[in-house]
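Each chain gets a letter, A, B and C, in the order it is written, and its residues are counted from 1.
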Amino acid sequence: MKSHRQELWFNTPSRRNYINITNQVEDIIKKSGIQEGLCLVNAMHITASVYINDDESGLIQDYDDFLEKLAPHEPISQYRHNNTGEDNGDAHIKRQLMGREVVVAISNGSLDFGPWEQIFYAEFDGRRKKRVLVKVVGE
Amino acid sequence: MKSHRQELWFNTPSRRNYINITNQVEDIIKKSGIQEGLCLVNAMHITASVYINDDESGLIQDYDDFLEKLAPHEPISQYRHNNTGEDNGDAHIKRQLMGREVVVAISNGSLDFGPWEQIFYAEFDGRRKKRVLVKVVGE
Amino acid sequence: MKSHRQELWFNTPSRRNYINITNQVEDIIKKSGIQEGLCLVNAMHITASVYINDDESGLIQDYDDFLEKLAPHEPISQYRHNNTGEDNGDAHIKRQLMGREVVVAISNGSLDFGPWEQIFYAEFDGRRKKRVLVKVVGE
């Protein structure tokens, strides 16, 4: 069994952002030389998500509206977590709804994807450096 | 390390459907000959989910009611994604809530499951051919 | 490829509980002797979750409030599943929102984690013995 590990770094200009990282993950798989296996892609921070869906700007806005409706950023006093002095209680909830990680199949040395699958990094508390881990295992 | 890949195809008669695929996944694991490892089961389309829970008809109706309350199909104009001419904005949200994939352990050549765990394919925008990927890795 | 399998048992005193199991998972990884690979941690029961987020008491209360707002325990008659004689329809929904499992990378024989990542067992229908499965694969 072979394995390969690499990090992606992000520093988004605004609090919430949605970034298509499919090509970066595909490049890491190529670099790993692994032909058959699994690839884990996870946010290393707890106010961000990695998820798979369509790269369509209207849909991304729909996700953002939906998350903001269910767990609005303000008033920040509505979250007990913000009593610690932070203001990102909403981001911890948004992240849980969208998920921490995806596990994707590698077949013939590439992402084994359906026609519209794209991997996204979703940031819910940006404006600072944060990381995604890509771990590839297989042969 | 061995690996095995197989697709399951679905063409559900209605927009939303919940199908127990546990036996099909178990058959694929047997066919792979893998005794110890991991099995990834993921929707290859972005308006469908694979999840694990109970096979109980009341519960499935509860899930459907819950998802339809949080992200109703109509009015379709409430989703920006539908400005593209599609009508499945709700399905993209429902799929995120229920998840894209499950990763299950294989022990002694079988699904390593608790007493009530069952794998479901959940369709939120059916009436056409769509696929699930089963990827088995191990030894 | 090596693999290792171990169960964690819980019997929580109240219906809902959130337990940090990071150290127990780390101990199992050490015991497995696996240096590079993947570790699956999943609830074996369908009214409980395994998730990764911060170990901060205010945040845990925020999660609990959020889940109880979206899928309240009472009135139990609001869930068709409870027509079976059970009273845990809400717990099946809460578990779907928080997720069944996490897959974590193992690098250099340890959990490959960001600074605040902690693994939690979330119980939504406790007061009886229930299990979590830890399956480690790698080399």
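The definition used in the following text is that contacts are C-beta pairs under 8 Å (C-beta built on N, C-alpha and C of every residue); 3 or more make two chains touch, one makes a residue touch a chain.
Since we're looking at a predicted model, the values are computed, not measured.
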Superposing rotation of chain A relative to chain B, computed on C-alpha atoms, to nearest 5°: 120
Same or different residue numbers at the chain B/chain C copy interface, by half rule: different
Inter-chain centre distance, chain B versus chain C - centres from mean C-alpha coordinates, in Å: 20
Sites on chain B at which at least two other chains make contact: 1, 38, 70, 97, 99, 103, 137
Residue ranges of chain A in contact with chain B within the complex: 1, 36-38, 51-54, 56-59, 61-63, 66, 70, 97-99, 102-105, 107, 112-117, 137-139
Touching residues on chain A, where the partner in the complex is chain C: 1, 3, 5, 38, 40, 42-46, 70-71, 79-84, 89, 92-93, 95-97, 99-101, 103, 131, 133, 135, 137
